[in-house]
Amino acid sequence: MLAFFLRRVAIAIPTILLISVFVFALQKLLPGDPLLVLAGEERDPEVLEFLREKYRLNDPIPIQYLTWIGNALTGDLGTSFRTNQPVTQLIAQKLPVTLQLAVMSLIFAIAIGIPAGIVSAYRKGTVTDYIANVVALSGLSIPNFWLGIMLILLVSVKWQLLPASGYVPPGEDFWLSIKTMLMPAFVLGTALAATLMRHTRSAMLGVLTSDYVRTARAKGLSERKVVLKHAFRNALTPIVTLTALLFGELIAGAVLTEQIFTIPGFGKLVVDAVFNRDYAVVQGIVLVTAVGFIVMNLLADMAYFLLNPRLRSA
Amino acid sequence: QDLRIGLQEDPDVLDPDQSRTFVGRIVYTALCDKLVDITPDLEIIPQLATEWTVAEDGMSIDMTLREGVVFHDGTPFNAQAAADNISRSQTLEESRRKSELASIASVEVTGDYTLTLNLTAPDATVMAQLADRAGMMISPTAATEAGTDFGANPICSGPFRFVERIAQDRIVLEKFADYWNAEAINFDTVTYLPIPDTTVRLANLQSGDLDMIERLSATDLAQAEADEDIIVERATSLGYDGMTFNVGNGDRADNPFGTDGKLLRQALSLSIDRQALSQVVFDGVTTPGNQQYSPGSNFYAAAYPVPTRDIEAAKALLAEAGFADGVDIEVQAPNDTDSQQVMQVIQAMVAEAGINLTITSKEFATMLADQSAGSYTASLVGWSGRVDPDGNIHQFVTTDGGINDSGYSNAEVDRLLNAARQTNDTAERKALYAEAQSILSEDLPIVYLWHDTWLWALDSAIEGFVPYPDGMIRLKGVSKSE
Amino acid sequence: MLRNFSLRFRGQGACVVENVDLDVAAGEILCIVGESGCGKSVTAMALMGLLPSDTARIPDGSMTFDGRTFDLTTEGIPSDMRGSDMAMIFQEPMTSLNPAFRIGDQIAESVERHKGCSRADARARALEMLRRVGLPSPEQRLDQYPHQLSGGQRQRVMIAMALANDPRLLIADEPTTALDVTIQAQILELIRDLQRDTGMGTIMITHDLGVVAEVADTVAVMYGGQIVETGPVAEVFENPQHPYTIGLMASVPRLTGPRARLTTIPGTVPTTDAMAEGCRFRTRCAFAAPLCATRPAPTRLTGGHAVACHFAPLEQHLAVAG
Amino acid sequence: MVAADPALDLPKPENRVWKKFRSHKSAMLGGILVVFFVAIALLAPILPIPDPAATDWSLVRKAPSAAHWMGTDEIGRDMLSRMIWGAQASLLAGVISVGIAVAIGVPLGVVAGYFGGWTDAVISRCTEALLAAPFLILAIALAAFLGPSLTNAMIAIGISATPVFIRLTRGQVINIKVEDYVDSARAIGLPTRLILSRYILPNVLPPILVQATLTIATAIIAEASLSFLGLGQQPPAPSWGSMLNTAKNFLNQAPWMALWPGISIFLVVLGFNLLGDGLRDALDPREH
Amino acid sequence: MKPILEAQNVTKHFPTGGGLFQKKGLVKAVDGVSLSITPGETFAIVGESGCGKSTLARLLMRLIDATTGDVVFDGKQVTTARGKALSDLRRDVQFIFQDPFSSLNPRMSVGRLVGEPLEVHAPDLSKSERQAKVSALLAQVGLRPEHADRYPHEFSGGQRQRIGIARALASGPRLIIGDEPVSALDVSVQAQVVNLLGDLGRDLGLTLILIAHDLAVIRHMSDRVAVMYLGKIVEQGTTDDLFERPRHPYTRALLDAIPDPDDRGSASRARIEGEMPSPLNPPPGCAFHTRCPHATDLCRTKVPMPQTTPDGHMTACHHWQDLGLTPRQTTASSRSPATQARLELYRKATEGAKIIPVASKTPDREELT
C-alpha cells in the first residue's frame, strides 16, 4: 500500500512539472500586457518600466520559469500583481470556500445522480427510465448561469428564502453558511448529477445481469437487498472513481457558478487573474488545482483499492 | 448599524498611491480623507485643507490644514504629514500618482498646519488632483513601516477604519471614533461586497441582503424604479465613451480612417444616431455626446452641438473621400455585452452610409495592449472622467500625451490645451477648450458617443444619499431608518 | 412435480419450452440432458422464479411441491421458499459469488433471511456448511473473498450456500461444466454424498452424458424445449429410444474400444422461431417422415421409461433398406 | 470436403443497421430531432425569414408576437431568424469541435493503450497535464494564436475536450487488446496498422460514441463562453451560445431571449444523445 | 522423419503484479518444455486448466515471446523470426482458438474474416479471385458461400468454429495449432468439428497440434499425447500406449476422473484430492507431489528428470517403474446390444442409407407412406 502510494506520488511529480511548464508557457503567450492593466488609466511609462523590472518580466522566459519554480519549491508562490497579496495567502483564503462548494455540490450530485441511475437501470426501457434520462440530459444542457439567476430571482427575491449570493465561512455561522451555499451547490450539482446518473446507470446495467445478482435472488433475498446491497456494491467502483474525478474538476473551476453567486473561490480567482494577467496567481492556482486533481486521481485509485477486495488482499 | 454596499468589482490594492480602480476610489471615500473634496457641481471645497490660495503668478499654493485630525493609528495629521504624503506619491516607485502631481516642484512646511506647494509652472488642475487619490492622506507612520505593503492594512484619516478584506468577497470598515466629523457619520460598520453580475447585484438589493448598489444596469432601471422598496439615484458621469481612431500610432494608422481619414471619420460620426444608440442599448439612460464633457456641463462647448444623424451628408463625405462604393473598417471593442451591443447597433447604423464595419471583440487586457501598441484601427473605449476638464482631454490629444493612443498631433491643439492648463480663470479656460473643440470636432481623433449616467439603487430605508458626478458614494449624512 | 410447463419470451414466435413434465422424488437425482440452448436452464429458473419478469411469459404450467400446488402462470414461488425449500447452484462458479463480500457473510445472509436467527448463529451455520462441503481450513475461509478461492472451492461454497437451509429440492445447473475433470469428479461425489445424507430431491442439469451416467437415478433428455425421452438412467442408456438420444450417445468420443469416425447429428438446433411444428427434432432426424409433423405422444415403455417418438422402438419400425 | 450443413438457411438480413435503428424508438426520436435542426440550419438561406442582422430600433426586446414569433432581441432583431441562422454555428461548433477531439483523442488513445510502455506514459502524462490546465487559459491563448473566429473557437473547444477521449479510448483499448480476436489477427500476420484500424478501433467506438454525443452538449455551451471572450462566432452573426450569453443580462426583462436558445440546445443535446445510444446499439452486430 | 516443429527447453515466465497494487511475482507458465512434432501427425497436449497449455501453444507460433528456449519450424528459427521470416511463419503455421465467440471480430463479416489471411499472404489475388477462394474455403468447412456476408453472431458455436477453421486454412498452412478447438462446443457439435478436423488433416496432409483437456477427444483424434502439469510435460507417448498404460500418477488420475457414459456408477474410483498449486508459487521437487498418493520425500525435494523408454514413451516421475505398468482396467465396451444396434441403425441412416418401414410390426405403417 505504501509502496503503491509512493509510486503514485513519484509518477505525479513529472505530471505536475509538465503542467506548470505548460501553463507558464501558455500564459506568456497570452496577448495583452499585464502591466498596462496594472499601471492604471494614466499608464505612466516610468512606473511601467519599474514594475517590469520588479516582477522580472524582462528576464528570458525560461529564467522567469526557473525563478518561479525555485521559489515555489520553498513555498513562495509570489504575490498578486493586482492586490499585492501573497499567492499562498490567496489560496489559503479560497481553498476552504472552494472545498465547501465542491463538497456540497457533490452531495447534491450524488443524492440526485446515483438514485436516479439505479432506478433507471433497474427499470430499463420503461417510462421511468426515459424520464430519468431526459432529466439528466436537461441537467447537462441547461446552462449554469440560467439556472443560477432563475433560482436567485425565485428563491431569494421572490420568496426570500435563501441569501442571494455571497459567502459566509462555516466557522462564523454554520447554518447561514450552509444556506448561502445551498443554491450554488445545487446548480453545480445538477450538472454533475447528469454525468453521475449516466455512469451509475451503465454500471448498474452491467451488474444487474451478473451471475452473483442471480445468486442473491436465488437465496430468496428481497429485491431491495439484491439491488442495493449486492448489485450496487459492485457498481460502486466506477462510480467512486468518477466521483473523485468530478471532485477534481469542481476544484479546478466552477467558474460561472462562482461568478453568478459571487462566491470567492478558486474559479472566480482564476478567471479574474487570467483577465488581469495576474501571472503569479494563475500559475499558483493551476499548480494547486493540478495537485488537487492528482490527489483526487490518487484517491480514486485508493477507493478502487478499498472497494475491490481482489486488490485489497493482494 | 451596518451598511452593505454592492460594488461591481473587487478593488485592487488599497493604497491610494498604488491603486488604479474605480471601485477602489469608492472605498477610499469612506476610508481616506483628501485635502479637498468636490461638490456635486464640481466646486472644490475644503476637507483636510481648510483654505488655500493660489499665488498671483500661479507658481505656488498656500494651504492651511484642519487641526485636531488624527489618523486611524493615532498619528496626528499636520503639515509635515501632508508633505510626506505628497512626497510619497511623487517618489514611491510603484506610485501611479506621479503624473498627476508632476507640476508640484516642492512642498514647504511653513507651520504646524500650513504649507506651500511650489509649482514648476502655473497649473489649474492641481487642486482638482488633490480632490482625488493624489490628495488622500495616509498615516506617514504606517506608510514608512509597511512600505509598498501598505495596502494590506491601509491607515488613513477617513470616517471609517479598515477592519478586514477577503479578496473578491468583502471589505469591512468600521466607524473611526476619533474622526473629526464623526457626528455626520451614522453607521458603525460599512461592508463593500463585489458582485460583478448586475442582475445578481440588484437581486441582492431586492432580497434585502444589500442596502445599496452602485452601477445599476440601465436596462434594469425600469424594474428597479417599479419596486417601491428601492430608490434610484442618478448623476451624469464626468467621463465619456467613444471611438478612438488610430491616426498616427504606428503603421496601422495607414488606413482609410487613419492619418488622412478625417472625412471618413466625420462620415462615420454623422451616420451614427447617438440618440437612438442611447435609447436602444441603455434604455435612454445615458446622455448622447460629442465632446469630452456632457452637453449639460460647465465646460461643454455649446457652439458644437451633438450632431444629428445625416446619412446623406455621410454618403457625400464618403464620396468626397473617394469611397463612394463603401469602405471597410475594423473596430475593436471589449467583450462585455454592453460594448458588443453598442458595436452591433453602430454596425447597423453605419452600414446605411456604406461603411462596412467589422467588430473584433477582445478581452480588456488584450485590447489595452493592442491599443497602446497602435495595433488597431479604431477602438471603442471609455474614460471614467476627471473633475478638471484637463484630465479628460489633455493627455489624449496633445502630441506627447501620456495616453494618446490615437497618435493625434496638432500644434494648435497642443498650444490651446497647454494654455488652458496654466490659467485659473474659468471663463478663459472655457474659451480655450471651445477653440480646441473647434479643431477636434473637425479632425475627430476621438468620436465621442455618449456619457454614462451613474445609477445607484438604494434600499428605501437609506436617507441622505447625494449622487455625485464622479460616481463616488459619500457616506457623510447618509443614514438608514429602522 | 412440474406439469405441462411452457415458456415463451417476448418477441418470439414459439415457446422456448413446450409442455414439459418433470418428476423428482425425495432422495432422487434427476438429470436433464440436452444440448446447449434447448431450454434446460430456463426451465430450472422458472422453478426458482428467477426468470426476468419483463421478458418471460409462462402461458402454461403448474408445479406441485411438497403437496402445495403453484400455478406458475400467475404466481411464482414465494420468495421465502427460494433459498430455503428450494435452492440452486449455477454453472459459473467464478462469477456466481459476489466478489465484494466475504463468503462467510454470503452464506450467513441466506441463513439469516430464512431461519431468522442471529448473525452469530448464521455464521456458525456457515462454518458448519463449509466444513461439510470439505473445504480445507473452513474457519479462515469464512473471512475470505471469492477471488481468493479456486473454481472448485467456489463451487463448494455455492453448494454450501445452497444447502445451508436444508432445502427439500436442489437444482444444480451444470455445476461442473466450468471445472476441470479432476475437480468435477470431486464435486459430483460431494453432491451425491450430501444428497444421500439429506435425502433431498435433486435436479441436475448437464449436457455431459458421462456426468449423467455417473450420478443420475433418472434422466430426462430434452431437445428444443421438449422432453423427448425420460426414464431410469440404466433404461435410457441401455435402451435409448429417441433418435436424438441415440445421436447424442453416438456423438461422444469413447475412451475405450476402436476409434471410428464419430457419428454426428447433422445440422444445428434451429432458433426458437424456426422450430418445426410437431416433433421438433424432425428437421435433423434421419428417420423423419411426414407423420412427424404431428407431435408424438409419449410412448410408455417398461420401468418408467417413456419416449416421444412415433417410431419407438426404432428397430421394430424401421430398417435399413437392402 | 464436408457436406454443407442443411440447417444453415438463415433468413438474409438486409440492411440490418437501418432496420435495427428504425425499431429503436428513442433513437428515431433523436434522429428526427437532429435531422430537424440540421435541416433548419441548412435551409436558413431559403426560408422566408428576415435577415438575422436586420435591426429595428423601435422593436427592442419585444415579446413574441404575430410579427415576430419568438420576439426580438436586445437590438431589435428577429429572434426566430437568429435562432435559425444560429443553428448553423451551434451545430457546427458542437459537431466539429467534438470531431476534432475524437480525431485527435482516439488515435492517441489507441496508440497509448495498444503499445503501452513509454508511449503510454508520455501520452498519459500529457493528457493529465492538459486536463489540469484551465480551459479558459487554453482558449485565450489559442485565440491569440489563431485569431478570433468560429473555426478557432471550435479548435479550442476540440483541443480541450481531447484528453477525455484519449483516456476513454485508452481504457477501452486496454480491455479490447487482450481479446482473442485481436490475437487471431496477429496469428494470421496482419500488420499492426490494420489490427489497430480493423480490430481495435471499431470495437472501442461504442462508448466513445456515447461520450461524443454528451460532449456535443458541452461544446455548444462552451462556444457561448468563448464568444463571450470574443473568440467564438463574431457579431452580428448569431450562435445559440452567444445569444444565451447576451440573454443573461435580460433574464428579467426579456426571458424569451434565453428561453429559445436554451430549449434548442436542450433538444439538440437530447437528440444527439438518443441518436448516439441508438447508433451504438444499431452498429453492434451482436445486439438483437 | 525430420521434425516439422521442434521446441527445445522453452520457458515462459510472466511477471505479475508489478502493477500498482500487487506484489511482484513470476508465473512460470511454461517451464522447460521440449517437443518434437513429425509432419502429418496429430499431436495432443492435455492438462488441467492453467497448466500452461495455451501459453505453450502461443509460444510455438510466436504469438508471445519465449523467456528462454528455441522453437524451430521446418528448420527455421521461430523465436527470432522477424519481417519476412515472421510473415512466412504466419502463413505456414495457423491457430484455431478455443472460444468461437470471442475469437472472431464481431464487427467483420465472415467473408472478410476468412478473406483477410489471403489479403495478407496472397496480396496479388484480385477481389473476385479472393471471393472465389473464400467461397471454396467456406465450402471446405461445410458452410455455404452465401454466408460470406453474414456476421459471426448469426452463427451457432459450431458454425463459428468452422469459420475459425476456414480462416486458419486460408493461408494454406502446413501446421495448425488448435487451442482447445472443441472445448466450448456441445457434444453433438463437437463431434461435427472433430470429424471436420480429422477430415481436413487427412485430406490436406496437415500437421495438427491439438490442445484439449477432454481426454476422450484426445484419444479419438491424436497420434501422440503429451500430458502437462504445472508448466511441465510429465508424460508423453503414443495415444494408445498412454491410454492403456499410463505411467505417471497424474495421467492415471486424470484418466480416472473422466466420467464415462459407458461406465455408469463407478463412484468408487480413486480420486485425486486437492487442486493444482499456483504457478506463482510452485511446490519444490515434483510439482505433483502435493496431490500424489505415492509421493515420497524424494518427490518433495527433487525434480524428477524425464525418462524415455526405447519406444519413445517419456515419463517424469521418480517412481513410475515402482508403480508398475498395470494397464488400466477398462470395460471394453459396456454398451448393451440394443444400444449397439440402434447406434448402428442411426449411423447408417445419417450416412444416407435408405430407411424403410418394417411393415409387419408397425400398426400405423400406412400413415407413414
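Chains: A, B, C, D and E, in written order; residue numbering restarts at 1 for each.
Note that in this section a contact is a pair of C-beta atoms (placed from the backbone, for glycine too) under 8 Å apart; a residue touches a chain by one contact, two chains touch by 3 or more.
What you see is a predicted model; the values in this text were computed from it and never measured.
Where touching is counted per the definition, the chains common to subunit A and subunit E are C, D.
The interface with the greater count of contacting C-beta pairs, when A-D is set against B-D, is A-D. Mean C-alpha position of subunit C lies 50 Å from that of subunit D. Averaged Cα coordinates give subunit C a centre that lies 28 Å from the centre of subunit E. Annotation: 90 Å between the Cα-based centres of subunit B and subunit C. Centre to centre, using the average C-alpha position, subunit A and subunit B are separated by 39 Å. Subunit D has residues 5, 8, 140, 144, 248, 251-252 in contact with two or more other chains. Annotation for subunit E: residues touching 2 or more other chains are 159, 195. In subunit B, the positions touching at least two other chains are 199, 363, 366. Contact residues on subunit C toward subunit E in their complex (touch as defined above): 35-36, 150-153, 180-186, 188-189, 192, 207-214, 233-234, 237-241, 243, 246-257, 259, 261-266, 268-269, 286-287, 289-291, 310, 314-322.
Here subunit B touches subunit A in the complex through residues 10, 12-13, 15, 18-20, 93-96, 98-100, 148-149, 151-152, 166-170, 193-197, 199-200, 203-204, 206-209, 363-370, 372, 383-384, 395, 402-403, going by the rule given at the top. The part of subunit E that touches subunit C in the complex is made up of residues 48-49, 156-159, 186-192, 194-195, 198, 213-217, 219-221, 243, 253-267, 269, 271-273, 275-276, 330-333, 335-336, 338-339, 341-343, 345-350, 353-358, 361-362, 364, 367-368. On the side of subunit B, the complex with subunit D involves touching residues 198-199, 217, 219-220, 222-223, 276, 279-281, 335, 337, 340-341, 343-345, 347-348, 358-363, 366. Within the complex formed with subunit B, the subunit A residues making contact are 30-34, 36-47, 50-51, 54, 80, 82-85, 90, 93-94, 149, 152-153, 156-157, 160, 163-167, 259-262, 264, 268-269, 272, 275-277.
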